[in-house]
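Look at the two complexes coming up: subunit A is in both, with subunit B in one and subunit C in the other.
What follows is the complex of A and B.
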């Protein structure tokens, strides 16, 4: 069930991303440091596409498949997502 | 919409000007003529000679001379750059003539340069494209040097370094291993780390011409000995602070992973279909054996199990060729969807061909174990073929490319996309040039499987064979529905390379379904074409029957007449010396 792209913060997205990546990697969310590149945890380049697919599914928001390459940490990606969500809102208004 | 009614053929063009189909047919005929009958002992590229070269660990010098004289390298260079490359499916047909005789020549003479080339055609600037074209058109070779033993398919962790230098340019440091033609190539396309940070934006692609390099700073490593393709020059490269000019960078700095994953969609779609030629020869070899060998006062061909095995191998070749056709034409027609089709082809075609070879080896019996003589080429092909699934993205890595895309396909594509254009399945129709720039990493669309769904309402059901096709198409639709359910509920931990084996099995089933969609598409379009065998539903029914059984579906019995039709065609093509693929092309032997 998609959730609206409004009302998110970098913190809430950081939590969402951390939990999702922990699931991919079969780890605990607490083990995912938001400042450590995802590749360090063994997330391969193609798997990063899954993340974009999941973002699309949960937020109903289409992201470039390479977003997780260009914003390679949880934190960078959360900040990027907030910007993208805001831009989309601005565009829709 | 009724597709499949217009006659096949190239669009109108001024009389006397050969079109794409005439060009490729003439090129295949030329190569067949120049390479000659491989069963003729006096031919310098006979199977016997090729086996001797293989025993000696050498690539056939005579073969290379003939291919040089035919300027086969031109077939890897786009027409816009002065070569002959216009379509990927037609390149596959041309290369099949080489692979029919020798996988070593296929890879070692040509495919390696083509693999290197797609990088430069995709992202190289005009000067790089012109320089690359010049090397090939002058008869030179280019290596594709991506692999490092330490990292295998996990190439994003490759360490070989191309460090941006303070004085401009780059400094190469480190090793590339198991690289075809590394010792004799005029240039190497190198995949190097340009940033120490982990991740997928830390590598870049370089086109390094040997002539411009400081020879005191690099060396070629000793050759590897392998089980198959023993004549290929597999070695490595060691660099020690080798300067490379700025102009060697292909595409953008840091975008090497993206370039590789895009450009290699072309080669992953193409190479399995080329290697199909080796299985064609293997089938032909076993047919010769089965017709000649007398047992129980009959020929082996009269033993129902042997006969069925040969028909099955022929059907597998048609299945592989259908998927290969759809994937290679998709590069032109559906470039944004090619990432999935290329991975499916690279996964399934080598697997089906290898399994077919194994089944054929059972009919060949003890002769399969003999390294020389009339049937010796069989054991060589059976040793050479696995390189297909090992090199250039292994089978599991191809499945792992498909897996992350399944949830999105399940949600967005299946049962909602429009069908592919009919041209995807039309063997001899012209295509526009290769849209290198349109290849994308992942798209979330799938018009190939949509064609299968659309076909269900269009397929005829007059004859028993037609009813079999239709019944299996319905089963395949159910399969897609199950895939959709499973794909849309994949747990997060099943969406990466660490996914469960069951998820890899899902990817496998999906590739089989894509093969079925391709078979149906090819038959639908061939129904009105000239080739009476392809127009006949017998082969489609029999091919789909194999795919359905592979998926554990319980298809209706195949009409006996369909089996007989396929068997007769195996014999006819053997006696007429035509190819065991979709094209029924005349062969030199």
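What follows is the complex of A and C.
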């Protein structure tokens, strides 16, 4: 069941993203520093697709797989998602 | 089983006999709430006639035709349309999709001398603009999902023999030098028969998969095999699988899929991403052959997948480890049906020397997974010393050499390479070469008790998630990112833990660095992720003169890899994945002669 795209903060998304990415890369969430480029953790295109799939499932929002390269840290991705969620909300209103 | 001379004759006969039965079902990504699309044999035949007529009217009947499609039924119609026209299909990745591989596809377009490009309406404007930009306005371009571009009644059955080419398979060669395997109708029919014998398929077989349609395992294994049998296939796009691996396994139960598979990483991804709740909804009991090929097969994956998915009805003997390549059309060997994958524990040190020996206590060992057996009626396979060209005995590692009706005649327009790669001769005990005609696969392997074990690569090719990557392509791209990097002074190679890891060693001129080394390394990682869609977790920036070259200036990647694994490279700056750091540390702790 998708959760609404409203009510999120950069902090809550940072936590969610860190947990997902740790899972894909077989690491502990605590190891993922939100400001370190994901490439340094060995993020690959398979993991980038996994992330897009999970975002679709959990937030009912379609993210382009290239976003993981355009917003290369957890922090940058979280900020991007918040902006996109807000835009989607605005568009629906 | 067949009396057909060409695959065109075969498809025409299947279409005539099977009419309204489904040939294929395509499952679009369900994010848009889309429904499965069905293609009957009759519809496939009708659309292929129209496409064939359009190609024949433009004089493309005997020429090469580039196919640029997203995964979907339009690709299949266009491929069969080429068969109907008597044209040579050239499947390639859609360059407008993620990764934007225009450079590679331009190389293929030019090398293949394509006379026409077939695509769909959504991509046609961008493809037409690309043809104009490449100064190829004489190349015809058609969106095959458009209306009334040709009349099926104008199509004429081509006069072909088994020697005519069915398609060019561009999976080999670097971006700057793409090589297309010339697959004839006779090659294709021979290999489809070999696959049928190996995997035990028949007209009731239901194929199911998600591999790229232009990939040899996707095209020959999952699309042309069901056509060959008069069976059916259920397909989805790679992206659908990668986003939600659950969809692939769900498809198996939903559609009663019996045969299908992918590279080893696909099974790993299922293990990592499918939840207990999802597992409870799966039915894998119809799956008779879960193909595992195109990259190294790992025993850990086979064991973990078999255990995890047993509650869903997955049987241990369903795993079908197999071996093959585009140069042999597709399959060379496979695991006999009804038997479990065969594994063999060996001493790691002896294996590095090229011999099989029983594991010793307190010494590193490796577990090899057999790629199955070779059917004598389809192939002759020999293990050959790649230096002396003498045959090696059972239990000794050497290059895998192959001969048979499935082996292509060579790469398109590469007579010199073909003489070397497709017409090698084995030196006999009397010191004389045999009659030649052997394909050198570039893979290292060994026979033991009739089982073929693939143990490594002779060439420096890197295989990542089933994709062949050429180190020189990555090195060149890296060197263009910053002026501080010397051109031609980097080495890219892969090292192995429980998976493959890319390692980039690049020389940097400290005086030319305008930022800092960390920024340079991060830039390299981002570039490789974006351009090649692979992780570059390991980057070493080194002093000029560190990269070893031959006297003729060729990068010695194998030597650099050995140095790296011994801890013999002193970097100015490095970033290493924890698993790779551990691998190097382990090696440093061991005596030097035991190092891989």
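Keep this in mind: the second predicted complex is superposed on the first by the 92 of 93 C-alpha atoms of A that agree within 3 Å, B and C clash if a C-alpha of one lies under 4 Å from a C-alpha of the other, contacts with A are read in each partner's own complex, and residues count from 1 in each chain.
Following the convention adopted for this analysis, a residue touches a chain if its C-beta (ideal position, glycine included) is under 8 Å from a C-beta of that chain, and two chains touch if they have at least 3 such contacts.
The structure displayed is predicted, hence computed values, not measured ones.
In the overlay built on the shared chain, the residue A:49 is in contact with subunit B and with subunit C. Judged by the touch definition given at the top, the superposed model places A:37 against both subunit B and subunit C. Applying the stated contact rule after C-alpha superposition, one finds that A:80 touches neither subunit B nor subunit C. By the document's definition of touching, both partners, subunit B and subunit C, reach A:72.
Of the two partner chains placed around the shared chain by superposition, subunit B and subunit C are both touched by A:57.
When the shared chain is aligned, subunit B comes close enough to touch A:20, but subunit C does not. Within subunit A, the residues touching subunit B in one complex and subunit C in the other are 23-24, 26, 37, 39-40, 42-47, 49-50, 53, 56-57, 65-66, 69, 72. For subunit B in complex with subunit A, the residues that touch the partner chain are 154, 156-157, 197-201, 257-258, 261, 400-401, 404-405, 407-408, 411, 440-442, 444, 491-493, 495-498.
Considering their complex, residues 23-24, 26, 37, 39-47, 49-50, 52-53, 56-57, 62, 64-66, 68-69, 72 of subunit A touch subunit C.
Residues of subunit A touching subunit B in their complex: 20, 23-26, 37-40, 42-50, 53-54, 56-57, 65-66, 69-70, 72. Subunit C contributes residues 31, 98, 239, 242-244, 265, 269, 272-273, 465, 501, 522, 525-526, 528-530, 533-537, 575, 577 to its touches with subunit A in the complex.
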